[in-house]
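Please read the structure below before turning to the comments.
Chain IDs A, B, C and D follow the sequence of writing; residue 1 opens each chain.
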Amino acid sequence: MAFELREECGIFGVFGHPESSKLTYLGLHALQHRGQESAGIASSDGECIFFHKEMGLVADIFDEETLEKLPGHLAIGHVRYSTTGTSELKNAQPIVVDFEQGSLAVAHNGNLVNAHVLRRELEREGSIFQSSMDTEVIVHLIARSKEELLENRIVDALEKVKGAYSLIFLTSDRMIGVRDPHGFRPLVLGKVKNGWVLSSESCALDLIEGELVREVDPGEMVIIDERGVTSVRPFLPAPQRFCIFEFVYFSRPDSIFMGTSVYNIRKEMGRQLAREQGVDADIVIPVPDSGLPAALGYSEESGIPFMMGLIRNHYVGRTFIEPQQSIRHFGVKLKLNAIRDVIQGKRVIVIDDSIVRGTTGRKIIKMIRAAGAKEVHFRISSPPTEYPCYYGIDTPIRRDLIAATHSIEEINRYLTSDTLGYLSVRGLHRCCPGQGADIYCDACFTGKYPVTFDFAEQEQLHLFRSQPSVKIKTR
Amino acid sequence: MAFELREECGIFGVFGHPESSKLTYLGLHALQHRGQESAGIASSDGECIFFHKEMGLVADIFDEETLEKLPGHLAIGHVRYSTTGTSELKNAQPIVVDFEQGSLAVAHNGNLVNAHVLRRELEREGSIFQSSMDTEVIVHLIARSKEELLENRIVDALEKVKGAYSLIFLTSDRMIGVRDPHGFRPLVLGKVKNGWVLSSESCALDLIEGELVREVDPGEMVIIDERGVTSVRPFLPAPQRFCIFEFVYFSRPDSIFMGTSVYNIRKEMGRQLAREQGVDADIVIPVPDSGLPAALGYSEESGIPFMMGLIRNHYVGRTFIEPQQSIRHFGVKLKLNAIRDVIQGKRVIVIDDSIVRGTTGRKIIKMIRAAGAKEVHFRISSPPTEYPCYYGIDTPIRRDLIAATHSIEEINRYLTSDTLGYLSVRGLHRCCPGQGADIYCDACFTGKYPVTFDFAEQEQLHLFRSQPSVKIKTR
Amino acid sequence: MAFELREECGIFGVFGHPESSKLTYLGLHALQHRGQESAGIASSDGECIFFHKEMGLVADIFDEETLEKLPGHLAIGHVRYSTTGTSELKNAQPIVVDFEQGSLAVAHNGNLVNAHVLRRELEREGSIFQSSMDTEVIVHLIARSKEELLENRIVDALEKVKGAYSLIFLTSDRMIGVRDPHGFRPLVLGKVKNGWVLSSESCALDLIEGELVREVDPGEMVIIDERGVTSVRPFLPAPQRFCIFEFVYFSRPDSIFMGTSVYNIRKEMGRQLAREQGVDADIVIPVPDSGLPAALGYSEESGIPFMMGLIRNHYVGRTFIEPQQSIRHFGVKLKLNAIRDVIQGKRVIVIDDSIVRGTTGRKIIKMIRAAGAKEVHFRISSPPTEYPCYYGIDTPIRRDLIAATHSIEEINRYLTSDTLGYLSVRGLHRCCPGQGADIYCDACFTGKYPVTFDFAEQEQLHLFRSQPSVKIKTR
Amino acid sequence: MAFELREECGIFGVFGHPESSKLTYLGLHALQHRGQESAGIASSDGECIFFHKEMGLVADIFDEETLEKLPGHLAIGHVRYSTTGTSELKNAQPIVVDFEQGSLAVAHNGNLVNAHVLRRELEREGSIFQSSMDTEVIVHLIARSKEELLENRIVDALEKVKGAYSLIFLTSDRMIGVRDPHGFRPLVLGKVKNGWVLSSESCALDLIEGELVREVDPGEMVIIDERGVTSVRPFLPAPQRFCIFEFVYFSRPDSIFMGTSVYNIRKEMGRQLAREQGVDADIVIPVPDSGLPAALGYSEESGIPFMMGLIRNHYVGRTFIEPQQSIRHFGVKLKLNAIRDVIQGKRVIVIDDSIVRGTTGRKIIKMIRAAGAKEVHFRISSPPTEYPCYYGIDTPIRRDLIAATHSIEEINRYLTSDTLGYLSVRGLHRCCPGQGADIYCDACFTGKYPVTFDFAEQEQLHLFRSQPSVKIKTR
């Protein structure tokens, strides 16, 4: 549900282009859907690292003047929606530090499940922490590594962490990309003219007229410098566990993974949903824009006509003043409106990608009923979201996930839909590249977390989650 | 073409609600697509008129604090894209003035073709002008009228002006709505609880949970006060000439005119387009979001599958820094991306609502070709836009309208499409409410302007158009 | 008392300099003490008038970019503290309008006592008002004048108004300065290179390295264009009535009037005060910075040593958060602190320029006593302020002027000073240029208003004064 | 010279007051003259540390809302003018970190001469640095200390650093103040109701109606918690070396050190200057406000009348647009203007506190001559500033100090004064508390640095100084 489930992070980097920070700015703009809270860019002219980060959207943070202060032929950037740590400037990335070998910048997408444990250890050895980001742990581990080469220090550090990470490092003259052995979070390698690009998604390559070379493999480290791209696989092999939710919701439909566009995967989910959860009805309508490809697929498979029964208003501001006098289901009304002409007297199938808390879905169904629908059948192009994600997605804690605590029948009653149908886990896998191969993390649906947690880590997951917004916890 | 043709204005008013300025704020938000340059609200507590206006978007201009300074049970508001006058705060509306009978606020959607002539006359009689808006002319005429009653003064003033206007006036205790005799621009009457609403479009009523009562008739004046709504028809009758472009592009698809949703009208345009401009192809794709309903209609009528081959990025900032190194067709790339998976190897029909300059269409077609399309057939759900609008829509001057100066064959060549097809004028009329009745202004397509211009007025139309952005012209 | 009595307005203009708007910006900066609420500049390149105005300080409003949009070789500017009208952008000056003869900008220092009456008449004839400034009345009168020449129209208009005005007009190619026949408010003529300058005070000429030519005479109009300065005296002669409070408080000490620096006039007031209100004491201290010159004069005349017993903090912000727990006389503490070393055990004479409400004086005396003063003798270098000003100075209404409602003995008791002494009216006149000649308006001290008011005008003076801050009064 | 020599830092803290962050805000406001680049406050409610810091002035950074997010009964604050590190938010203080023992905030006034050396060592051991402040070194040393008690860790850390520091630490439940063994920078202890205060200067106590208890001794650590104030002297004793420039320029005249007000010390410098550098003249004028007390002393001692021949404009904005056409000595003109009436035809003695580069003095003398002075004798109430400061004052490097490279005769010629006279070092000492005792650091005048530097440290002093504004140096 586009309005309930919030994003994670996006990372981007360019090596070998005279306007590297401008390309990074454009790349981050294309990845803006992955995080809207803060953005930052660090660049290098071969000698010094320059950086700028702020709260807000990429297009508001950077202008001609700011970008001119980020010179050089290599740059990395980050858009953030906080997964650990609170939403403050001090938690914006890239993190830029000085350590023994000079300056280092790092941009991180993912979440470390043992960050808290490592942090305590590091503090015990005298480290100080200036943010609540798990990424700061990685930097400390690199700084403390006894290895000579930075590449080896990075490996040394990452061998200690558990969890999900796609990382881009920037030194004064090199860019290094790494993906965790399970490959939870995406990272692709591209080319732009004579330069190289690393990006969370391929859609950012399209914008800068670059081309997709390939995905960085799980467990792979790519070192990009004057001599080109060197690939290293320094970690023990582990089963691939790409986040299946990237296909369900996160990634932009025009991004390509494993040779397939996310659009087509989502449309296939809609087809499969029609097969599994068919119902007799007059029209299929999407919750725009998130449910659109699946609704098209559902319509094609079922033969029931596709209509745009809900219209999205694109001028939604950040904060909104509501009238005190009761206007019910107001929040959704600002973003969506139902078209009576399309809906009235119809049996309507509504397609969305997922249900998190259920509150938005309930409001949408009320809106559709108010527009005169005879029946409302809610169809979800993913399985019930029963478990929180610990690998970089900001889902509510379990008790707030409606599917974690209620049966489908109960959810249906709460939503006030006539019928409710989810895609099956098996059906979901069938739609994804690999034809059902066991290469995905679907823990949010199944609770099967690929990386197990010890007791301290479980504690962390709660601690991090309950951390209030400005304070630093004192022990 | 959503990115080329800019908007006009939206007006909204509430009488008889304790939170009238908050409802107006929400109403303006729903009408934001009609103007994004400035917005303003004027309210009255029965004694005094309060107002606030600024450059920018509704949600950025108003907050809890600003709205608290706009108390009272009646309020009117305006969102503006400048049609006459330049984009400056002094040209923001509502205009609020003091005159003999007290304070008066006015919000205007439309354009007066004889404003310049009247202004010169008024200046000759000693009037001063503080903006370049034609609306200021109306206020002067009202202030100078010898009538006793404000209603009669308004009629007196409007009898002197020629052109298009939907107006909402606010005094300390009344709200008055007027629509010009031709009814060029829309204005609807609604109810919210015990209060009355005037709005450019019905979609704003949906947001505040009001209900649509009816459209204000061409030439009708509605006076809303404590006693309710009084309707007057003070003008000589004239042929109805509702702006057909409201159906083609301006109005939100969820708005209803003459009992029909704009969505359905647009879809019907797509069907008619398929009948008139059929072509053998594999898929139909819209230019999102403007071409979506017509593309669905085209697909339904032709049986060619509908696909989302172009994806829209919703995080487009105001100003954008482009890399100096050539990235071709950049502007469109920030907003749209093609999905190769959908397009590659296909014969593609692309649907958009209109072509203005042609530059955007050319870029879109390049993008579709780059994604591997075998053929690209461009279909436009309106006739060629050959003539500028003088009734409130900001179209380029004639020489910049590609259809004014080039044949369809030439345009096709410029766009690099395989074939290009427009909807016929007759076909367009057939899709609109009234079944082809002669009740629309289609001057932008046909050059048949319902209100003729004398020489001085023609001069004005050019003068206003060439006025530069900050200066006040000195004679 | 610097912190109680607020300022009026400052005006400035340049003709014949390629950087006229930059010089005007600097001139306004030098006149900033005359008004801190809003500032504006209008310039002309010989064809068009450009302008920019905002709420705030000159240095915050204008930057390189803003000034570049104000091209041309003539410009006028205004800093405002509202005397009539409320503090809003719509009341910022210069007022720029279009009228029959083209564009006109005007900057006004002063106050018209019959503005309200004229406004009603104008409204009766069909004029509309967009601000609550009396200056707008002048512009309407000019626009309605039947004279051919603008100069004659201005005279025509000003013959109808009563009160105080120093005005600078700007057309596309001329700058015109006028001072009312009584010469209430200052206006000086200067030169900078080949250009001419008009300014409220001569200190602004020093900043731009111009030189003072002479004061514009009461009742004089100076027309400045390509041919140079033409002087006209179009009004009936009237007794000179220069505002004596300019010497007491308003003008900067480095400004020169009638050949004498304000600094020397103030110092002379201190000497005279010592003669009239001598008292045995150990030290003389000023309330900085307003009481400084008079304290030096008092010290010189009396032979009692001058000390800086109060220190001023120059980093005083606009709004200040006070602790809720009682910190007494807080407001003054933010601005002033007493030096115990200087004051302890001493009999102290404190010098300030005036007392308005008395609240600040009371706090200052408490502060001095808390620093250990044995005796505190308060001496004021002007007579008791008993009457409000209707000619452009924002004094409180009469009941808030402590000297209007209390005897000196009562004020002394309220202030908690040991003794209190004011300068006599005769003594004040003796210190000012003209050696006691009857050329000043001293109405605030004597109640002798040089321009009498009829009943309607008296009503205006109250109406304007009671006008609330954002609303427009409806009749 | 007030306009050339920039400030250092100010620190403030409160323990045991329910509105501790508000009092800290007021305290920082009173210390604003010590640093205007950034300000910050950290508070604790006994459990968590909250903080807020920004670039800008105290009154602009903090408002009711911000202060409400800083709850608790203990708080510390900092105003900064960067001495090491660049002017960026990341260099704003207090520094707040998490380490083994929880959260810790620190505010620092001073400069460590061996910070760079220690930083390299710490980096070698795996520490990362996120700012260029030397204070971060202290925090790392504390975090790495093997001591159990925080107090001991602080001592452990400070035993490793060399240089000047007055520090206030904040934990969740304690406030700790420390002054380096030489006592370079000031730190006073005060009381407010039941609470305790630490402040750079006593003037901040006056504002919050607290009272001065005593100065924190050189080498003393005061630990303030629920039980009150505990004093510890953990360092080896060292000769007292209080910065004599605090008396010459930094401290506010209303602050008290060693029982004497800075005002009286400065006045005494003026007297001594008159004795040492007497000259026959008509008037003595100060460069306001910095030269005021010394000018009064000079006048008293010499019997030559004191006058305010230069007037200061208090509305000086941050950035100022200068006209391109030559207006000479413009910068000073914005701040000062000469009063011709006072100066013309006079032999003038001008008093200022110091000369740094000489450029401002030269402009002032030109201005005084232009106002008609017959002779200009420049007298400086301190000795020639020949050496840079390494203990927390931002002076230019040596080659930019005019007195370092030129004889007094040469300086006199450059300034264009008739004569130039400085106070002698011995004379300066005589005016300061202690009657000439060897308890001051006067290295800026004598080059006798109390703390010697080894080679690496000297290198640091240059490295830090040349660091550009946004980059992080890469080795």
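In the analysis below, contacts are C-beta pairs under 8 Å (C-beta built on N, C-alpha and C of every residue); 3 or more make two chains touch, one makes a residue touch a chain.
All figures in this text were calculated on a predicted structure; none of them were measured in a lab.
**Q** Going chain by chain, each one touching the next, work out the least steps from subunit B to subunit D.
**A** Steps on the shortest route: 2.
**Q** Subunit A to subunit B: how many Å between their CA centres?
**A** Each chain's C-alpha centroid was found; their separation is 37 Å.
**Q** Measure off the straight-line distance from the CA centroid of subunit A to the CA centroid of subunit C, and report it in whole Å.
**A** About 61 Å separates the centre of subunit A from that of subunit C.
**Q** Averaging over Cα atoms per chain, report the distance between subunit A and subunit D in Å.
**A** Each chain's C-alpha centroid was found; their separation is 48 Å.
**Q** Two or more other chains in contact with one residue: find those residues in subunit D.
**A** In subunit D, no residue touches at least two other chains, as defined above.
**Q** Output every touching chain pair, sorted by label.
**A** Pairs flagged as touching, ordered by label: A-B, A-D, B-C, C-D.
**Q** Using the touch definition up top, name the residues of subunit B that touch subunit C in the complex.
**A** 44, 47-50, 69, 89, 95-103, 123-130, 139-140, 143-145, 171-172, 470-475
**Q** Spell out the residues on subunit D that touch subunit C in their complex, using ranges where they run on.
**A** Going by the criterion above, the answer is residues 18-19, 22-23, 25-26, 29-30, 32-33, 36, 57-60, 62-64, 67, 193, 203, 206-209, 252-254, 256, 260-261, 263-264, 289, 292-293, 296, 300, 305-308, 311-325, 327-328, 333-334, 337-342.
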